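These are the structures, in C-alpha cells.
Below, chain A partners chain B and then partners chain C, in two separate complexes.
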Partner chain A sequence: MTLHPGAWWLWGLLLAVAASRTTNPLLLGLVIAVAGLVAVACRTEAPWADAYGVFLKLGLLIIALRVVFHVLLGGITGETVLFTLPEIPLPSWAKGIRLGGPVSAEGLLFALYQGLQLATLLGCIGAVNALANPKRALRSMPAALYEVSVAVVVALTTAPQLVASAKAVRKARRLRGDGARGWRALRTLLVPVLEDALDRSLALAAAMDSRGYGRTASVPAGTRRLTSALVLAGLIGLCVGIYGLLDGQASPYVTFGLLLAGAGLAIAGLRLGAKRVPRTRYRPDPWRWQESVVAGSGAIAAAATVFVSASGGSGLVMSVVPIEVPTLPLIPALGVLVALAPIAVRTR
Partner chain B sequence: MISVRPKTTVLLILCGLIGIAAFGWPLLVTPDSKIAHGGDAPWTFALLLPLVLAVVLAELSEGGMDSKAVAMLGVLSAIGAAVRPLGAGTAGIETVFFLMVLGGRVFGPGFGFVLGNTTLFASALLTGGVGPWLPYQMLGAAWVALGAGLLPDLKGRAELVMLALYGVVSSLMYGFLLNLSFWPYAVGTGTTVSFVPGDPVWDNLIRLAAFSLATSLGWDLGRAITTAVLVLLTGPVFLRALRRAARKAAFISP
Partner chain C sequence: MITFDNVSITYAGASEPTVSNLDFTVPEGELCLVVGRTGAGKSTVLRAVNGLVPHFTGGTLTGRVLVDGRDTAQFPPRELADVVGMVGQDPLAGFVADNVEEELAYSMESIGLPNAVMRKRVEETLDLLGLAELRDRPLATLSGGQQQRVAIGAALTAHPRVLVLDEPTSALDPGAAEEVLAALQRLVHDLGMTVLIAEHRLERVVQYADRVLWLPGGGEPAIVGEPGPVLAGSPVAPPVVRLATVAGWDTVPVSIRDARRVSAVRGTHTALNAVRGTLTASNAARGTLTSLLDASGVEVKYGKTRAVRGVDLRIGDGERVALMGRNGSGKSSLLWAVQGSGPRSGGTVDVRGQDPKTMKPAQRRELVGLVPQTPGDLLYLETVAAECAQADRESGMPSGSCRKILDDLVPGIDPQEHPKDLSEGQRLGLVLAITLTAVPPVLLLDEPTRGLDYPGKARLAATLKDLDAAVVLSTHDVEFVAEFADRVIVMAEGEVVADGPAAEVITSSPVFAPQMAKVFAPLPVLTVDQVAGALSA
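Right after this comes the complex of A and B.
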C-alpha cells in the first residue's frame, strides 16, 4: 500500500514554496538532493516512476536556456567583464535588444541562480510525478467533476486498447496477404482502428446507460440557484481580484482578500454542486498518520524558509552586484532536511 | 452533445477573462503591482487556473453530460493521448490538434471545451507530465476546440479548407499564448528580451517577438503546418466517422 497522492502533492508543492523563497545555490542544491533522494527511495515499479529524471533534464535545459540568453542578448551589466562578443547593431525599433557585447560574471551568475531556482521547482514537481499515483489522484477529484473524471478514466483505459486494436487489424491484413508498409499501411490502419474505437465507445455508453449510470439526484431549485450564484460570484470575485493584482493601486490586503473570497465562493459552489451526484465510495482512500507526516514535513520545510525570508534573514537571496559568496543558512537548511521524513515512514 | 446554456456562456466568458490575464499578465501588469517584480505571478495563476477550469467543467457537466458524451470524450481523449507522443520531441510535429479541431467541429463548442481539457490532462497523466504548464495547455487547447465548434456551417470541400485554415490560425494563436505564459519562466528578468512591467505593450511585444524568434518559431510553424496537413488528409474520413457515431449515439430521438 503506497501513500495517498494528495500527501505527495502537498509535500512537493510545499517543498517548491521553500525553493521559491531563495536563490542560494547551496540551499537549492539541498532541495534538489532531498527531492531526488525521496523520489528514488520511495518510488515503486510504476511506469511513471522515472519522471524525476525527465524533469531534472528539463531543469538543466532551462538553466542552459537562461545562460545562453544572457550571453547572447546581454542583461545585467557588471564590472567583472569575462569576455566580449562581437556586437551586431540592430535597428532602432528593436527597443533596447542587444546582440553580442560584453559578458559579465555578475550577469552570468544572475542567470545561473534564476535558472537553478526554476530547475529546483521543476525537480520538486518531478519527484511528485514519480511518486504520486495518477489513477488514485483521479479518484480524489471533486465529486462535481464526476463525469469529467470518468471520461479521463475511460481515456486512460482505452489508450492501451487502441494499440491492441491496431495490432489486431494489422494481423488480419497480413493474413489476407496485404503486406503494405509505411504511409499506405497507416492509411489502411486508420479507418478500422477509428471505427473500432468509436463502436467501442457506443457499446460502453449503452452499457453505462443500462446500468443506471448518470442518474442524478433531484436537487431542489433553491439549491441549484444558490450553486449558480456562488459559482458566478466566485468567478467575478477572482476577476476583480486579478485586476487589482495587475493594477497594483489597491492595497494588497484588499486584493488578496478578494482573491481568497472568490476562490472560497467557487469552492463552496463546487461542493454544493456535488449534491447532484449521489454516490458512495467503494474502498475509500485512507489518510493515515504516514500521510500526515509526509505533508507535515513539507510544511515544516516551507515554514522554516518562509519565516526566515519574511523576518529578513540573510543568506536566502544572493546579491550579484557585488558578487557574494553563498553560505548555507542554518534554519532553512534544517527545515529542508526535515522533508526527508517520507523515507522514514515509507511503507513497502 | 453538451449543451451550452446562457449561464454556461457567462462562466465561459469569465473564465476567458481570467485566462487572458493568466496568459497575458506580462503585457498587462503595471509597475506599481506587487507581483510585477517577484517570480510569484506565474505560480499564482498556475494555482488559480485549475480552480477556474474545475468550476467551468462542473457547470458544463451539470448542464447534461450523458453517458454517450462521457464515452465519446473518453475515446477521443484516448486517441489524442495515444498519438501525442508520436510528435513530441520531433521539431514542431504536433499530432493532437487536428483531432481537437475535428472533434469540436462535429460535437459542438461545449464538447470541444471539455475535450481540450480531458485530452491534455489524460496525456499528462499517461506520460507523467503534470506541471505548472498543464493548466495553461489545457485552457489553450480547450479554446482551440471550442472555437472549432463555433465556425460557420459549410459543407464539403469548403468545410475542409475552412477547418485547415482554422487549424493554422488557432495553432499559431496557441503557440503565441503558450510563449507568453512561458516567457517569464524561461528568461526571467534582467535580459534584454525579458518583459519590463509597465512598459508600453508594443515595446514588450517586440521583446516577446524576439524571444519567440529565438526559441520556438520553428515549433509554432511546424504545429500549424502539421495541423493543417492532418486536417486535410484525415478530415474526410474522421468527419464521416464522427458524424456517423454522433447519429448512432442518438439512442432516444432519431
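Right after this comes the complex of A and C.
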C-alpha cells in the first residue's frame, strides 16, 4: 500500500516553497538532504522510483550553467577579483551587456547560491516524482477534469509506443538496403511511424468509445456557465496567491486570503462540474492520517520559513557584498527537519 | 438478442455498400461465427452491433440494428457499453489503463457503478478467466493469450448481454488460442452470453459455433444457418468441411470428433487404409541437400533476456522450412539474427561462404531476404508503382522487375493504389515482390499468414513452393504448415526442441497436428488434397 499521490505532491510543493524563500546554502542543502532521504526511504520498486537521481543531476547541470553564464556575462561585481577574462568589446547599442571581464568571488558566490536554489526546487519535484505514481496522480484528479487527465494518460502511453514503432520501422528499413539518407531517410521513417500512431489512436478511441468513455449526464446550461466562471475565478485567485507567496513582497494576509478564496472557488467549481460526469472510481486512493501527516509536515516546513522570512528574520537571504559566512537559521531548519516525518509513517 | 433488419452499410466515398440487405437474428445464448473472405465486411458487421458503425466510423447505415431491444441509431457506442462488450483485433491497442486490475475496472468506472460492485466483479472476472495471479502485472508485459483474456475480461465486467470479438485468436499460438476459446465457451455455456465472433482460423472455432453467418461479399446476399451446411458452400472452410466435399459425405462435420465418426460410418478410413502405400506425403523431406545456409550456436540477447540460446540451423538448397513455437519462443529473433539486420550476440552464420552481418544492408538483401511480421513497415511511398520503381533501384535491377514479380504473385493490383489501401494479402504480395526483386537465394518470412484467409493462404503456399529459393517461415498456422513445409523446426525458450520432416514433427504433437492427421490417425495424412489424391487413385 502506497500513500496517496496528492499527499506527496503537497509535501514536495510545500518543501519547494520553503526553499524558494532562502538562498542560504546550509538551509538549501538541508532541504535537498531531507527530500533525498525521504525519496530513498519511501520509494517503491516502481520504474519511476529512480526519478530523484535524474532530477538531482539536472540540478547540478543548472548550477554549472548558472555559474558559467555568470563568468561569461558578468552580473554582480565585487572587490575580490579572482581572475580577469579577456573582455570582448561590444558596439554601443549593446550597452549594459558585457562579455568576459573581471570575475569576482562575490559574483561567483551569488551565482552559486541562485543555482543552488533552483537545483533545490528541482530536487523537491524530483523526490515527488520518485514517490508518487504519475498515472495514479492523474487518476486522482477531480472528475470535472477527467477528460483532460485521460488525454494526458493516453499521451504518456503513446510516447513509448512511438519510440517502439520508430525502432521497428528503422529495423525494417534495413531490409530494403537502407538507401535513403538525410531528409529522405527522415521522411521514410516518419510516414510509417505517423501512420502507425494514427491507426493506434483510432483503435484506442474506438475501444474507449465502446467501453463507455464520455458518457455524460445532461446538465442545464446555467450550471455549466456557473461552473466555468467559478473555476476561472478560482484559478486566477490561486495564481495571484502563489505568485505573492513565492515573491515574498506582498502582505501575507492578502496572499493567504487570495490563496484560500481561490482554492475555495476552484473546488466549488470542480464539484459542480463533476455532476456532468457520472463515472465512479475503482479503488480510489484513500486519504488516511498518514497522508495528513505527510502533507502537514510539508506545511510546517513551508510555514516556518515563510514566517521567519515575513517577520524579517536573519539568515535566510545571504548577502554577498560583503561576503557573509552562512549560519543555519534555527526555526526554518527545524521546520525543514519536520518534513522528514514521512519516513516515520511510511507503510511498507 | 441481435437483430439486423435489412441493413446496408456504405462508407463515405465508397461507390457501393460494404454489406447490403443483411437480415439475420442471433438468439440469446448462442455463439455465432461470422465468416467471409478478407474485405467481405466482417469487421463492419461486428462494429455495427455496438454502433461504432456508423457513429464512430462515419458512413450511412440503412435498415435497423437492434441489440437487446435498443436501436443503435439512437444509442451511440458509449451508451451501449453495458449491453455490448467489444474486443478489437489488437488487444494491446485498446488498453486504457496500465495494469490488469484497473483495465478490468475501466468500463465499470465509465458506467458509474459503485465501488463495492466493482470490487466484486473484478474479483469474479479474475477467477472466471484465470487471471488472478496477473492482477498487478503491467499490460504490456503479458503474453498474447493473456492480453486477449484481459481484453475479454475488461469487456465482461460491465455485464454485457452480448460479446463481440474480432479475430480473437488470429495472432495467438495454438496453446494460447485454446486458452481463449475455452474461456469463451465457458461464457456461452455457463453464463448464457450471446457471442459474435469473426475469425479466419475456422479450424479453431467452428466446433464451438451454434450458427454461422457467411458474407460472400461482392453484393451477394449473406447466408445464415447451421455451421456445416453453410461452410460447405463457402470458399472459406476448415479442412474437415472440405474433407466432407472431397469424400462425398452428405453430412458435413465441423469437429474432429464428428469427422472421425462419419469417416468410420462411411468407410473412408478403411478406404484410405487400403491404399496407405500410396500416401506418400507430398512434402516429404528429400535426401541430402547441398547446404545453403549454415548457422551454428546463434545467440541473441536483449539486456539480460536470452531470446535465442545457441541455435544451429542448416538450410539446404530449395528446402521449405516452417519454424513453430509459442509466442516469445525466439522465432523472430532467430530469423532477424540469421538475416543479419537484427542483433546477434554469438555464433556464426554462413550463407554461400559469407556472413550477412558483416555486409552492407544493400548487399545483405541480395543474399538473404526477410519479410517482417508487419510488412507495412517496409512501405513508405504513396503508390504501388513508386514502391516497385524504388525496389528496382535498390536492387540495381532493370525497371519493371519488381512489377513483373508482383504480377506473378498477385495479379491485377492498380499501380496508382496507395499501399495502405491494399488488402492484407495484396500488401504481403507487394512486400514479397520487393524482397524478391533482389533475387535472394534464401527467403525468410516472419508470420506471413496473419490476416490471410484460406484462399489467400493456399495462394501463398503455392507461390512459395514455386520459388527458386530456400524458404524459412515462422507461423502458428498448423494447416498452412501441413500444406507448405517439408521440414519443421519447433522452438521453445530460445532453443530448438524438435527438427525433422514435417509429417513426423507435426503429427507427433496434439497441439501442432493438422485436422486431417487427427481425423485419420494413425495414417500419415496431413492435407485434404492428399486424401483426395489417395481416394481417386
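We take it that the second predicted complex is superposed on the first by the 238 of 348 C-alpha atoms of A that agree within 3 Å, B and C clash if a C-alpha of one lies under 4 Å from a C-alpha of the other, contacts with A are read in each partner's own complex, and residues count from 1 in each chain.
We take it that contacts are C-beta pairs under 8 Å (C-beta built on N, C-alpha and C of every residue); 3 or more make two chains touch, one makes a residue touch a chain.
Since we're looking at a predicted model, the values are computed, not measured.
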Exercise. Of the partners chain B and chain C, which touch A:325 in the superposed model: first, second, both, neither?
Worked result: neither
Exercise. Once the shared chain is lined up, is A:168 touching chain B (first), chain C (second), both, or neither of them?
Worked result: second
For this session: Report for A:142: first if it touches chain B alone, second if chain C alone, otherwise both or neither.
Result: first
Exercise. Is A:200 contacted by the first partner chain B, the second partner chain C, both or neither?
Worked result: both
Exercise. More chain A residues touched by chain B or by chain C?
Worked result: B
For this session: Return first, second, both or neither, reflecting whether A:239 touches chain B, chain C, both chains, or no partner chain.
Result: first
For this session: Please indicate which partner A:213 is in contact with in the superposed arrangement: first for chain B, second for chain C, both, or neither.
Result: both
Exercise. Given the touch rule stated above, what does A:221 touch, chain B (first), chain C (second), both, or neither?
Worked result: neither
For this session: Would you check which partner chain A:191 touches, where first means chain B only, second means chain C only, and both and neither mean what they say?
Result: both
Exercise. So which positions on chain A get touched by both chain B and chain C?
Worked result: 135, 150, 153-154, 157, 191, 195, 200, 204-206, 208-209, 213-214
Exercise. Where on chain B does chain A make contact in their complex?
Worked result: 7, 10-11, 14-15, 17-18, 21-22, 25, 28-36, 39-41, 43-44, 48, 51-52, 54-55, 57-59, 61-62, 65-75, 77-79, 81-82, 114, 117-119, 121-122, 125-126, 128-132, 185-194, 203, 206-207, 210, 214-215, 234, 237-238, 241-242, 244-245, 248-249, 251
Seminar exercise, completed: Touching chain C in the complex, chain A uses residues 135, 150, 153-154, 157, 168-169, 171-179, 187-189, 191-192, 195, 199-200, 203-215, 278-284
Exercise. Given the complex with chain A, which residues does chain C contribute to the contact?
Worked result: 47, 50, 52, 55-56, 76-82, 84-86, 88-90, 93-96, 98, 101-102, 105-115, 118-119, 122, 154-155, 158, 336, 339, 341-342, 360-362, 364-365, 369-370, 372, 374, 376-380, 390-391, 393-395, 420, 434-435, 438
Seminar exercise, completed: Residue set of chain A touching chain B in the complex reads 20, 47-48, 50-51, 54-55, 62, 65-66, 69-70, 73-76, 93-98, 107, 110-111, 114-115, 117-118, 121-122, 125, 128-130, 134-135, 138, 142, 144-148, 150-159, 161-163, 190-191, 194-195, 197-198, 200-202, 204-206, 208-209, 213-214, 228, 231-232, 234-236, 238-239, 242-243, 245-249, 252, 259, 263, 266-267, 269-270, 273, 276
